[in-house]
Amino acid sequence: MKSKELAVDRIAEHLRDGMSILFGGFMGNGTPKAIVQAIMDSGVKELTIIGNDTAFVDTGVGPLITHDRVRKVIATHIGLNPETGRRMMAAEMEVELVPQGTLIERIRCGGAGLGGFLTPTGVGTVVEDGKQKITIQGVEYLLEQALRADLAIVQAHKADRAGNLRYRLSARNFNPIVALAADKVIAETEHLVEVGEIDPDDVMTPGVLVDYIVCH
Amino acid sequence: MNAKELIARRVALELNDGDVVNLGIGLPTLVANYLPEDVTITLQSENGFLGLGPVTEEDPYLVNAGGQPCGMVPGAAMFDSAFSFALIRGGHVDACVLGGLEVDQHANLANWMVPGKMVPGMGGAMDLVTGARRVIIAMEHCAKNGAPKILKECTLPLTAKGKVSTIVTELAVFEFEDGVLTLCEHAPGVDLAQIRASTAADFAVSPDFAEMQISQTGMPS
Amino acid sequence: MKSKELAVDRIAEHLRDGMSILFGGFMGNGTPKAIVQAIMDSGVKELTIIGNDTAFVDTGVGPLITHDRVRKVIATHIGLNPETGRRMMAAEMEVELVPQGTLIERIRCGGAGLGGFLTPTGVGTVVEDGKQKITIQGVEYLLEQALRADLAIVQAHKADRAGNLRYRLSARNFNPIVALAADKVIAETEHLVEVGEIDPDDVMTPGVLVDYIVCH
Amino acid sequence: MNAKELIARRVALELNDGDVVNLGIGLPTLVANYLPEDVTITLQSENGFLGLGPVTEEDPYLVNAGGQPCGMVPGAAMFDSAFSFALIRGGHVDACVLGGLEVDQHANLANWMVPGKMVPGMGGAMDLVTGARRVIIAMEHCAKNGAPKILKECTLPLTAKGKVSTIVTELAVFEFEDGVLTLCEHAPGVDLAQIRASTAADFAVSPDFAEMQISQTGMPS
C-alpha cells in the first residue's frame, strides 16, 4: 500500500479556494497547528470552516479568520475570538451558530451515512427556525441534518504509519468525529510509530479513515 | 460574604453525593469550593471528560470547557465530543449549574445572547439545559442597573424552554414545583417584601418558606 | 460514595418479571456469563431482551430462550440458536428483527437523549413497513426511533472500583452502547482494579454510567 | 477447479490495493485466499474491527462476524458496533462481497430470508449492501434445482433496493452500467447462449464482452 506520510509543504496540493474544512479542536486545544499554518501559507481563501469554535485571534483556526481566508464559519461558540464577532456583525463573513451537541452529532451523521437525527435541544428557541419538528411519544424534537466537508484536519498525539491514531486527554474532542465525515482526512501527529505499535484496543481512529499523516 | 459566595455556598447544598455535575464558567465554578465534606461529585466537562479537577501540573493537552488549563481527579475518563453530548442529552448528568441573564415563571432560561450586542454562541448551554436532570440557575437577583432578572416572560432569546428546576440568588431560592415558580427560601436578613420588589415574575410562596441555609465548608473567598 | 460492588447472589434484587434487558455480546462473545446465570437462577420470566443475537442454545443469552424466560426478543440475527426460530415460528415468543446498524444506533439514540435518526438502511425492504420516510437532498431515509431498557448487562475485561470499564478485542461490540441506554447498568468483570489504575485515555465506558460491578 | 473457487478467484481481481473490504460468510471468505500479491486489503468485521486475519492463536476475546475464532493483522483496530456501522453506512467500506439467493435486473438483492422457511435475521447485511461503495455478489449462477437466480424481479424479500454493483458466478460476470445489467465476461468454455439459458433477467452485452480472467495467486483449494 502507498505511504500516507505527507510533507508539510505538500499539504497545499490538497487545498483549493472555496473548499469546506472540518477541524478538530476546542479553543485551539487539539487543533493541528502545522496544518493550519500550511493552509495560511497556501493562500487559499473563501473557505467554509466547521468546528467547535474559532479559538482565540492567534490560536487554533483563529489566524484563518484574522487573515481573511474564511467565507463562512459553522461553530458553536465564537466569543473568545473578537475578530469572528466583528466580521459577523459587519457581514464580512457568514457565521452559523449551532448547539455543540447538535453540531458534533450532525458531523457524526455525515460520517456515518445517516441523513439526520432528532434532538430535543433547541426546541422553543431560535435554533428551531426553518426546521421540521417531529413529536415522538409526546416529546418534541428538531430534525437536524447531516454535515460533511471536503477535508478534515485532525491532531493526533500518536499515529502509526497505517494512520491509526490516538488522541491525548481533552485534545480528543471533535477530532475522532471529524475524521469520519470528510472526503479527505489529513492528520498531524507528534509521534509517528510503526504499524503494530499501537495496540488494537487503543486505536481511537482507525487508519482506514486517514488519507495523509503529517509528522512534525 | 459577597453575593457570589453566598450563592455558591447555597448551590453547594443542592448537590448530592455521587452526582455528575456540569458547572458553568464564572460563579457556578465556585460551587466546587464549598461542597460539604460528605459529598463527592464528578465534574463533567463539555469538551469531553469526566473527573475535572483543579490544576495540578499544567498539561497542554488538558483544558476545561472554557479552554483554560485544568486538572483531573483519579478515575477521570476522556472521550470525544459526540460521547460527551450523549452523556449530557441522555440524562447522565444529574445537575448543571449555570448563570442566567433572564429566567421566567415558565421555567424558561435566556443566557446565551443579547441581540446586536453579545453573540458569543450557545456552545454547550442549550444541550446542558435541555438534557441535565436538574438545571440550577445561579445568578445575582437583579441586573447591574437594578432591573429584575426573574420575569413573567423572558425578553431575550431562549436557551431552552421550560427546563429550569431551581433558581438561587443572593436574596432567595425558588423551585419550580409542578411547573409553578415557588419561593422556598430567603437569604438571612431579607424579607418577602424585598424579594417581591426585586422579582417581576408571579410566584407562589412555599408553606415551608424559611431562611436559606448555606454550606459552611471551604475557605471564605 | 457508596461502593458499586455487587455480589452475584444480590443481582436478583435488581430483576423482576416483565422487565426489559439490553445485553452486550455478539454470538455470546462479550456477553456477561455470571449475570446471565444469575438471571437464570432468579427465575424471572416474561423478559424482553435486546441485543445483537441470541447466540447458540447454550451460550450468551441462549439459555434464557431455551428455559422459557423470554417473552420478546429484539435482535439482528437468530440463525445460530434454533430454539429462537422454533419459538418464533410457533408464536411462543415474539421476535423483532432489526438491521444491525439500525439496532445499535437505536440503542445509542436511547442513551444519548435523541428521539431517532434517519437511515438509508431498509428502504425498499420489509423493514420500512409502518415507518415514516423522509427525503433529504434526494435521498430517501427511514425514521428509526430510540430504544432503551430497564437494565443493561455488560461484560468488561477490566473495571476499576468507580465503574470505569475496558473491553477487550471483539468482545467490545454492543457493550459500550448498551451501557448508555438503560435505567440501571450492571457490569461483570474479570479484573477489578483500584480507581486510578485505568488511564483516563483508556477508559471505554466511564464509571458514572455503571451502577454495579460484579467481579468473578 | 470447482465453481466456488472459480468465483472466488474472479472476485479477487475486483479488489484494489488499499481497499477496505467486508467479506460475507461462506464463499466470499475464500476471496482472501486468492488476492494478487500486489494487492493488500483491510478486512472489516461487523462486530467491531478492522484488520481481520487468519487464526494464529485462539483468543476467546476475538471472534469474526460469524462468531468463530479468528485472528488479526498488525495495525488492526477495535471499536464498538455503533462505530462499526458508522463505517459501513458512511461509505468507508470500499466493497462488500456477499452471497445471494436472488439478484434482479434492477440491482436488487435478496439474500436474507425465505418466508416460512429460513428467517435467520438480516444481521449486518442490509447495512452492508446499502452502505458499501461497491456491492459484489458472489454466487453460483443457478439454484440447486437449476432455477435461475438472476431474475427480472426478485421474488424473495429484499436485502436492499438498487444497490448491487457486480455479479460474479461460475458462468459470467455482470456489471450494472448506468443502471443496466450488463454481461461483461464469460467463464472459460461458456458461451453467450448458455448464459442466456441460465439467466432469467434481461441484460445488455458489453461491447468488451470477453473471457473471464481469474487470479492465479494462492493454493488451489
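Chains here go by letter, A, B, C and D, matching the order in which they are written, and residues are numbered from 1 within each.
In this section, a residue touches a chain if its C-beta (ideal position, glycine included) is under 8 Å from a C-beta of that chain, and two chains touch if they have at least 3 such contacts.
All values derive from a computational prediction rather than experimental measurement.
Peer 1: Measuring centre to centre, with centres taken as mean CA positions, what chain is farthest from chain D?
Peer 2: Farthest by centroid: B.
Peer 1: Averaging only over C-alpha atoms, locate the centres of chain B and chain D and give their separation in whole Å.
Peer 2: Chain centroid spacing, chain B to chain D, equals 56 Å.
Peer 1: Just curious, how far off is chain D from chain A if you go by their C-alpha centres, in Å?
Peer 2: One centre to the other, that is 34 Å.
Peer 1: Go ahead and note the Å separation of the Cα centroids belonging to chain A and chain C.
Peer 2: The computed centroid separation for chain A versus chain C comes out at 32 Å.
Peer 1: How many angstrom lie between the centres of chain C and chain D, each centre taken as the mean Cα position?
Peer 2: 30
Peer 1: Got the chain B residues that touch at least 2 other chains?
Peer 2: Expected reply: 49, 72, 78-79, 85, 88-89, 130-131.
Peer 1: So which stretches of chain A touch two or more other chains?
Peer 2: Only 105, 108, 112-114, 119-120, 168-169, 172, 200-201 qualify.
Peer 1: Pairwise, which chains touch?
Peer 2: Touching chain pairs, listed by label, are A-B, A-C, A-D, B-C, C-D.
Peer 1: Of all residues in chain B, which touch chain A in the complex?
Peer 2: Chain B residues touching chain A: 45-49, 59-67, 72, 78-82, 84-85, 88-89, 108, 118-127, 130-131, 157-162.
Peer 1: Which positions of chain A touch chain B when the two form their complex?
Peer 2: Interface residues on the chain A side: 26-30, 52-53, 55-56, 75-80, 85, 88-89, 97, 99-102, 104-105, 107-108, 119-127, 157, 168-177, 204.
Peer 1: Which chain C residues qualify as touching chain B in the complex?
Peer 2: Residue list for chain C touching chain B: 1-2, 108, 110-114, 160, 162, 164, 180-181, 195-196, 200-201, 203, 206-209.
Peer 1: Could you pull out which chain C residues touch chain A in their complex?
Peer 2: Within the complex, chain C touches chain A at residues 105, 109, 112-120, 134, 136, 139, 141, 143, 145-146, 166-169, 172, 200-202.
Peer 1: Going by the contact rule at the top, pick out the chain D residues touching chain A in the complex.
Peer 2: Residues in contact with chain A: 17-18, 20, 40, 42, 49-51, 72, 74-79, 85-92, 130-131.
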